[in-house]
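Below you will find the structure I want to go over with you.
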Amino acid sequence: MALFGQTIICGFLMGGVYAVIAIGMTLILGVMKIINIGHGHLMMVAMYVCFALFTSLGLHPYIAMFVAMPCLFGIGYLLQRYSIHRVRFVDTILPQTQVLLTLAIGLVFVEIIRVIFKSDFRSVYTPFSSKCLYIGDMSISLPQLISFGIAMAFVAGLHILLTRTDFGRSIRATAQDLDAAKYMGVDALRVSSLTFGLGMALAAAGGALLLPIFYLFPDIGVPFTIKALIITILGGAGSTVGALSGGLVFGMAESLGAVYWAPGYKDVVGFVIFLLVLLFMPGGLKTVIKR
Amino acid sequence: MAKKSWFLPAILGIVAIALPPFLGGYFQHILILVMMWVAMATGWNLLGGYCGQASLGSAAFFGLGAYGAGMLYLHWGISPWWGVIAGPLLAIVVAIPIGLVTFRLRGGYFVLSMLAVCETIRIIFLNWVEMSAGPLGIVIERTWGMEKLPYYYMVLAIAALSLYVVYRLMKSKFGYYFVSIREDQDAAEGLGIPSTKYKMYALIPCAGIIGLAGAFYMNYMAFIEPNTVFPLIISATMILSVMLGGPGTFWGPALGATIFVLLSELLRAFAGPVIGTIHYLIFALILVLVIMFLPNGIAGEGDKIKRLFRGKKPVYVGGE
Amino acid sequence: MLKVNNIDVYYGDVQALWDISFEVKEGEIVALLGSNGAGKTTTLNTISGLLRPRKGNIEFLGQELTKLPAHKMASLGIAHVPEARKLFPEMTVKENLLMGSLMPEAKARREESMERVFTIFPILKERAWQAAGTLSGGESQMLAVGRGIMACPKLMMMDEPSLGLAPFLVDEEFKVIERINREGITILLVEQNVAHALKACTRAYVLEIGRITLQGKGEKLLHDKHIEEAYLGI
Amino acid sequence: MAYLDINHVVRKFGGLVAVNDITVGLEQGEIFGLIGPNGSGKTTLFNTINNYYPANSGEIIFKGIPITRMSTHEICRLGIGRTFQVVKPLKRMTVLENVMAGAFLRTNSATKARDKALEIVDFCELMQRKDMPAKSLPIADKKRMEIARSLAGDPELILLDETAAGLNLKEIDAAMVIVKKIRDKGITCFVVEHVMKFLMGISDRVMCINFGAEIARGTPKEMSRHPEVIKAYLGEEYVKGK
């Protein structure tokens, strides 16, 4: 029973961090109507930024993230403004030009990182990396708990941004009806660029929070892109609350799978959920299937 | 739908058959890679370029083809050459349920779901050690030792077969239906085209061709492991080749694959020793630039490229 | 106030408007009439900057509009109340209204405008916390107009405000339009409901297949034989 | 039993009832017109017939076969062709290839499909345009090509969605000639239209709907004088004027 409880809690905490990453993807999906395949790759870039700050200046990832987030925000803003947006109206044979472009951009970053840091596995050991809290028989890793707390703070902050400020409302309005938002005087390119930046900054935050828990290598991004998409589908596109609940459910399912099935198959669990949703819940997916 | 005469292909064919015996081993190796990627890009183009279902997970079929061949040897000691049958077969058998599920998705969701499929298969092959030997991989003995020429003719035949299959398909009802689905799925349904069924008809030869290339890879390289046959970069390279040459054109993917392999070897030869993996970075950059400025590839944007050199204004057909 | 001079508009290669010219003077209600596909919405979208004329130009208060991006129109004082309502369905009524007042001038008067909207449409105050997607047809139309008022515009362009409304609601709708106009907002109205529009407006233009075929004072047009012809094909 | 029977069909989108209990029967070989103001549910009714949007309730029977639950392409194979309100050309294919894509419904041979397509292209007077890519056609020819594409599949009933929208007067006249020619081939036509002139000139019977429900039915002449129709289009005052 203790194992079960611990597994659930561990997954729950993990899910909170996943949610932050997924919200980034949801925002981008909502406003720009594209799936950012480079999402995980750019998260990886943020992790390396934190890693570099940790090794050179000894900054803890929780502090370094406040450097990584503005960096990624800038990268995201520039990418949307000068690259992804440009191909939006190009008439192409392959319909998913923008999506393929995010993949290509992601690969560029992976290879840049590989050139600089090589393919080696890295990790960040902080003073409390291996500390645990004990509740009865259950042990809960301290860095996970702290990461979860910070993640929730981000989710809450974002929720306030989206519901209480004109900028946040403009983001939601653009996602819901682009033309109507233009009528209201919203500069769609500016909003989409800022949204892409914001999405990337959230991915960066998620990456920094994962850093004390995960090994780091240049190809770490792909599974996270997939996880973010699965969470988005679980929670329904374009909603913070949905992404949060989707993230928590996903985290717990993954954690249960790792403990009760096999640790190697941890990443497959998400895919199985994805398949099940696809096969048995097509109603909830209508927006996904028929654009 | 290619309107090229038979003349150029015939010359190319004769050169491809007659020239290699006079080349050194290194150049033969490069030509082998060229032909392998020609087959794979042509296969990807069938589903992605003609039918419009750009898949980010086609490495799955490559890996399945390779493992189809490798596991014959691993479990029963059967010559992996039988893999040219078993490999594509395995790829197709796995492709069918994958297609049935993922074809329910459209656009970017399909692209990403195929990536998820490929990742899943990679993880399964890594972890299911009894089946696949896991991360250790499969090592076989090469049939012809260090000799390259027989391998070359083998892969030449595979490339020619894939081109022939795609050519015949595109000349027939299938071709018209594939392109109709790409151009407008709703309109296609309205014309009585069962789109999911025809996507499957495009997927099956696509998986077969790529699987065949994978089976060849097993025989030629004599070693495979999940991380070398299932990675994203293989899928991405297929996309790059097709996008570079021209998606939805007959010769485009072959052209793109050729340019890709030659450039890759050049970069590896010159830049490789200096900065490790920089040639991958250059590829990724090329991919970005191609998507941004030549989204329809060299063959698809022929007019645009000509204009660039001659400085002529575009000519619009029809109009007013 | 608004001057449209000889514009030709295309969707890709398809010409939608031929040599359209008209004028809206300060304080007027001007109606653009015509059956569906005549080019009324296209005209409004061109003024809004979502479409560009290939020929001709548009002036608003002496300023050339044709070169400005769509999102700048709002800051000049043009509010567009679009067809099919185009509300933000997952946002509350209040948030929708707030979205109407993004421009600095309108933002400064946000509270005041909100009160004004709630006086004109008391029902919106009751529904303030409800998602816009759950409103009835009539209520959504009120919200769309309310969102336009929030912008404190000089010119309000309304696209088919009576579309899909039950007859008694149409009456209400036109009362509101006249009221807003009395309160100092110039109105450019696109309508299918000919009778109502002609009675309410100062002047009207009739569009047929992308061309202006008839213009004049509202009351006068009301009895013009040609109108019925344009609509009913008799 | 009529040729195409639509019985009490209802289609909702969320709270909006787009098609509200429509019952109508089409006879073989007639041109049946459907009119109504913008947003009255005409296109939605079409989309329920070929099950692009499944009906929430009611049933649709074609030649005695219930088609309410059949998929779009099966309905097409059964003999119901359609065109789209917003044209959906297969952009990068030529006109001939577009029509061939339609012709493959009844044959597997590329040669036969080409012959059939050429015949239809000629029938629709598109011969000069046959090798142009569909995307570079002017709108009138795009609409005509859609009709051709649909005809190539040998439909027995064709649903024409706003064939005249966006055309000029000359083009509308030409389109009317084509629709009449189609009927003369024995194909039943169900026509949705906003341009009244178009419908009045060709249809045998007309139904007018508003708010998704039928408000009047009759000959074109009756319809143009029908008070409910005038009210829906022009407003109450015009009715009193009569």
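Order of writing sets the labels: A, B, C and D. Residues in every chain begin at 1.
In the analysis below, contacts are C-beta pairs under 8 Å (C-beta built on N, C-alpha and C of every residue); 3 or more make two chains touch, one makes a residue touch a chain.
Keep in mind the model is a prediction, meaning the values are calculated, not measured.
Colleague: Which pairing of chains accounts for the highest number of C-beta contacts?
Modeller: A-B
Colleague: Which one of the chains is farthest from chain B, going by Cα centres?
Modeller: C
Colleague: How many angstrom lie between the centres of chain A and chain C, each centre taken as the mean Cα position?
Modeller: Result: the chain centres lie 41 Å from each other.
Colleague: Measuring centre to centre with CA averages, how many angstrom lie between chain B and chain C?
Modeller: 53
Colleague: Can you work out the whole-Å distance between the CA centroids of chain B and chain D?
Modeller: Going by mean C-alpha positions, chain B sits 42 Å from chain D.
Colleague: Cα centroid separation between chain A and chain D, in whole Å?
Modeller: Centres of chain A and chain D (C-alpha means) sit 47 Å apart.
Colleague: So which bits of chain B are touching at least two other chains?
Modeller: Chain B, residues with two or more chain partners: 248, 316, 318-320.
Colleague: Please list all residues of chain D that touch 2 or more other chains.
Modeller: 91-92, 136, 138
Colleague: Quick check on chain C: which residues sit in contact with 2+ other chains?
Modeller: 13
Colleague: In the complex, go through chain B and note every residue touching chain A.
Modeller: 48-49, 52, 54, 56, 101, 104-109, 111-113, 115-117, 119-120, 123-124, 126-127, 182, 231-233, 236, 239, 243, 246-248, 275-278, 280-281, 283-285, 287-288, 291-292, 295-296, 300
Colleague: In their complex, what parts of chain A are in touch with chain C?
Modeller: 163, 166, 169-170, 172-173, 176-177, 179-188, 238
Colleague: Could you pull out which chain A residues touch chain B in their complex?
Modeller: For this pair, the touching residues of chain A are 34-35, 37, 83, 86-87, 90, 92-101, 103-105, 107-108, 110-112, 114-115, 118-119, 219, 222-223, 225-226, 229-230, 233, 262, 264-265, 267-268, 271, 274-275, 278-279, 282, 288-291.
Colleague: Help me check something: in the complex, which residues belonging to chain B touch chain D?
Modeller: 1, 171-173, 176-177, 179-180, 183-184, 186-195, 248, 316-320
Colleague: Which chain D residues qualify as touching chain B in the complex?
Modeller: 50, 52, 71-74, 76-77, 82, 84, 88-93, 97, 100-102, 104-105, 107-110, 113, 132-133, 136-138, 149-150, 153
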